[in-house]
Amino acid sequence: MPKIPIVMPQLGESIAEATILRFNVAVGDTVEADQEIIEVETNKATMGVTTLCGGVVQEILAKEGVSYAVGSILGTVEASEEEIERTGVSTVSQGVSDAKEEQERQVEEDEANLHFKTEDGGYFEPKNVSPTVQGLPVPTGKAGAHYISPRMRARMNELGLRAADISAIAGSGGGGRVTVEDLEGFLEYISEWPASPASPMRLAVADAMRRSWTRPLATVGHPVVMDKLLDHRREQYPKPGLTLYVLRAFALALAEHPSAAGFLIGEKIVHPRSFDIGCAVQVEDGVMVPVIRHVDTKSVSELSEEYSELVDQSRDRRLPEAATKGGIATVTNFGTFGLTWGTPIPLPNETLILGISAGVKRPVWSDEVNAFIPVTEAELALTFDHRVIDGGDAGRLLKRVAELLSKPEDL
Amino acid sequence: MNGLLMNEKNVCGTVKERSRLAPQSVEMKYRDAYLTVIFTMGQTKEHARKVYQAMVRSRLLEMKFSSLYKAGQIVGGVYLGKGQEAVSASVGARLEPGKDIFAPLIRDQAGRTAFGEDMLDATRTYLGSAQGPMKARDGNIHRGRPSEGVVAMISHLGSSLSVVGGMLKAREIQGKLAGCVGATCIGDGATSTGSFHEGLNYVAVEKLPVVVVVANNQFAYSTPNSKQYACVDLIDRAQGYGVAGHSVDGTDMLACAETIAKAVDTARAGGGPQMVVAKLLRLGGHGEHDDGSYIPEEIRNSTYGRDCIEVGKQQLLEKGWLSEEELTEWQEAAKMEVQEAVKTAQKEAGPNPYNEDWSALAESRFKEAHT
Amino acid sequence: MSVTYIEAIREAQYKALETDERVFLYGQDIGEFGGAFKATKGLKEKWPDRVMDAPISEDAMIGMAVGAAIEGMRPVVEMQFADFSSVGFNQIVNNAATHYYRTGVPIPITVRMPSGGTPGSGPFHSQSIEAIYSHYPGCIVLTPATVSDAYHMLLEGIALDDPVIYCEHKLLYRWLKSDDFEGDGLPIGKARITRPGKHATVVAYSAMVHEAVRAAEMLQSEGWEIEVVDLRSVKPLDTDTVIASVARTGRLLAVGEAFPWGGVTAEIVSRVVKEAFHLLDAPPMRLNAKDTPIPYHPKLWAAHRPTPESISHALKELLAY
């Protein structure tokens, strides 16, 4: 026979619970519809709980003297189908045979529905606490040259502009802020100038450099004597690229101090998995950086063929996407342009870039021959993310590279 | 008008009755004499039976509401008219559905029933059925069918009085006022509100056919009369407003039926606003969440603590206007009717918040998209 | 020949009484006396049964109107001053405004609210109450700023099936004139661009529209082109037109004569910030009356409410951002 729940009623608008004073019936008793079978007490009044329909008290789940939340199932009455039809009441939900289960199910439901439901049938207000962490730094001015209004931001996003793009605009707003009218005026002004679309390559390099430039980058330099290296290279066939020697020396130096190539993400330094070094190749309207794998484990001569292939692929614009991934540092030979000094910028996903300048013949005093002798000297320039390493580490790394380059036969 | 008023007071004896210093026996004696006069005038038997049948039906319906509440089936409050049925039913029974206007308050199930309310309206509203007259947007005693002459009360007491006045005034403008009456029920507490004052003053000024029935049940929630008003009797106020006044013992079914019938008939006949003050006791708490434990024993045991249903039963049996058998028939029929209405409402779906039209405006084109 | 704002209100009531026999007027002193501001002058003579004097009972007046509306009438209630509607507040917000939602029976009443300040009127004859009634679901709140709006919006409001709070500005009664009532056909719920501009948007309503236009004129000599939007109705609020204007200008100043805490101007700003954050080139501003009761003395009163000077001052601050 179907079972009808005996429910703790809502005995007042602000009542969350009531205490059972006594049961007027026991399990097995026959009850009539609307009979007051339990006496309960709220903090306002003493009241009766009634049955919805006649039947036999099947179980009593509540205890005298205990407080129950409104909506709790206090017991069940077993009723005939006819009685249920007559009164139109709903039975304990189908598929749940045990009223105890039904009670638990109901509690779960209630908890999902009532914001203030707790095990104690109420909600304890949170205690007042003082803030334990310091809040954000508070800006002193409401606007300034660098402030970008919501509308400026939206307009710049629409046009694909970055903060760097509007650096040319003198702001007329508060604190020298560039207003949206300044921006529109500037756009109108430059519309009269000749312009051409930037190539996808140009845009890609621009994007990478802009992202990289968000970091505190520093550059240190160190000279390196090239004569032995040039001699060694001349003896090889085919002649390996000069860059390849630098790549190899750089990889070996990093293998000795891998943390220098670590990458800072939040509060973690991410370390290299393998010493894969990229090499910057100038191509039409941009730069490509193919990555050579495991440079620390292969000699210059072993790397030579792979290196040439990658450089050719880059220049022909047929470098596979995968060949540009996974580098931990990059080497750039800006000496090929005849430059004697530079401050290269690392890729945004790398901490280091090592540049090498053009070799220059210089008189160097030799104690051995007690005279100036001509040597070919180049400059190594290492740019690093100062968040990860400091000047000393960078200097030691650079010296070690120079040292390795002075023994080309070991490379 | 003045002549009628004076005459009215003499007939009903309100001047004498409101002198509460008179011993109760004198009041009772006077009432009997008065009833003898009135009830020999014919047409009274059927009216009294109509009033009493509504009382019986209403009491059984309200007992069911109480039980549903105590079984956790009704959310919100349940406010019962137990002990006030004689007054309330006397109002509803004297009004003509489809023609008159009735603005019940919280203890007027009997009046609603007498005025022809379908029990389903009540059960659907209490049980939150979406098919109720308020579509579950408002509950319990706030229901109404304004376009059928039943004002849907708001919780701000006294505010229905001017609404009833406006409904009647509209009919006056429309040339449809003749023979109409508007009645509203309130309690002793509501007579302290500004709205009551403004409304009663308004209907008095406009001489509208309004009957204001004050059920002075001696407690506004828990506040006794002594903290509610300072006049000797609330009926004293009638003269101040320039309306006719009638006092009655609200536990005396026949007296209520007759006095209120008289007030309604006088208003209908063009006698201007009528104010009835019925003294009685609320036989319970303010709502079913309240046990009324603050009501002193001596008041419970006084004449006003009588149950008007019992009084009415004895009165009708004594007069031979009702037999025990017929009463049992009434009760059984009412129980069936109540059970049927509860069963229907229980099985009906509640409102669906996802399908709800969340606009308070009749002009739905103004529903704001930007909120 | 010219017509004034108050004449427009009288003429609209004349027209409503003439064309719709469900309409009646109800208010204190509105009968033979013709109303405290003469908005009903001569109407009682023509329609003795439909122009009725009320006792000083704002609660009962609205209650009466609610009852009459239930019976199919279209009452137009005149509050002698908008300030006094606080006494009828309960009937408006709890009875009239909830009625349709609760019972399905609409309450087509129009409550005329002589609103806003005039010199020397003091704390209880100067208030602007549009925000209070807008806060409650179920009310429509109209704030006409022009003679033709005063005429057409009152007629349109009377024809609506909901409680209409019609805020008529006392300062405009005789000060504002027009050649005729001819309007531009804008319906209730649509704002109007009163003055086009491109540097900043001023959103105003009722008498403040005119103060905003003057402020815009003052700034014109300095090369600023200020757009003025007249909301016309504060509920419904035409957010689309406001946002379209902010899209043109990027800067927003909301001006209202009501007290500063919350209210219509706050609602405008909150909607624009939420829906058009990306269109703002400066933080949106509000300008309202001061947070004190409205002072009696004309000098204090003039400093209490927004004026062309204070509006242009606020605009300069906005434009300098």
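Observations on the structure shown:
All chains are identified by letter, namely A, B and C, in their written order; residue positions are counted from 1 within each chain.
Operating definition for what follows: contacts are C-beta pairs under 8 Å (C-beta built on N, C-alpha and C of every residue); 3 or more make two chains touch, one makes a residue touch a chain.
A quick note: this is a predicted structure, and the numbers were derived from the prediction, not measured.
When every chain is represented by the mean of its C-alpha atoms, the one lying closest to the mean of all protein C-alpha atoms is C. The interface with the greater count of contacting C-beta pairs, when B-C is set against A-B, is B-C. If each chain is reduced to the centroid of its CA atoms, subunit A and subunit C end up 52 Å from each other. Between the Cα centres of subunit B and subunit C there is a gap of 41 Å. Centroids built from CA atoms put subunit B at 69 Å from subunit A.
The residues of subunit A never reach two or more other chains; the list is empty.
Contacts from subunit B toward subunit C in the complex involve residues 133-135, 137-138, 142, 144-147, 151-152, 154-156, 159-171, 173-174, 194-195, 198-199, 201-202, 205, 359-363, 365-366, 368, 370.
For subunit A in complex with subunit B, the residues that touch the partner chain are 6-13, 15, 33-34, 36, 42, 44-52, 70-71, 85-90.
Taken together, the subunit C residues at the contact with subunit B in this complex read 24, 49-50, 54-55, 57-73, 75, 87, 90-91, 94-95, 97-106, 108, 137-138, 140, 160-162, 188-189, 235-237, 239, 271, 275. Those residues of subunit B lying in contact with subunit A across their complex are 63-64, 66-77, 285, 287-291, 293, 339, 342-347. The residues of subunit A lying in touch with subunit C in their complex are 142-143, 149-154, 173-174, 177, 179-181.
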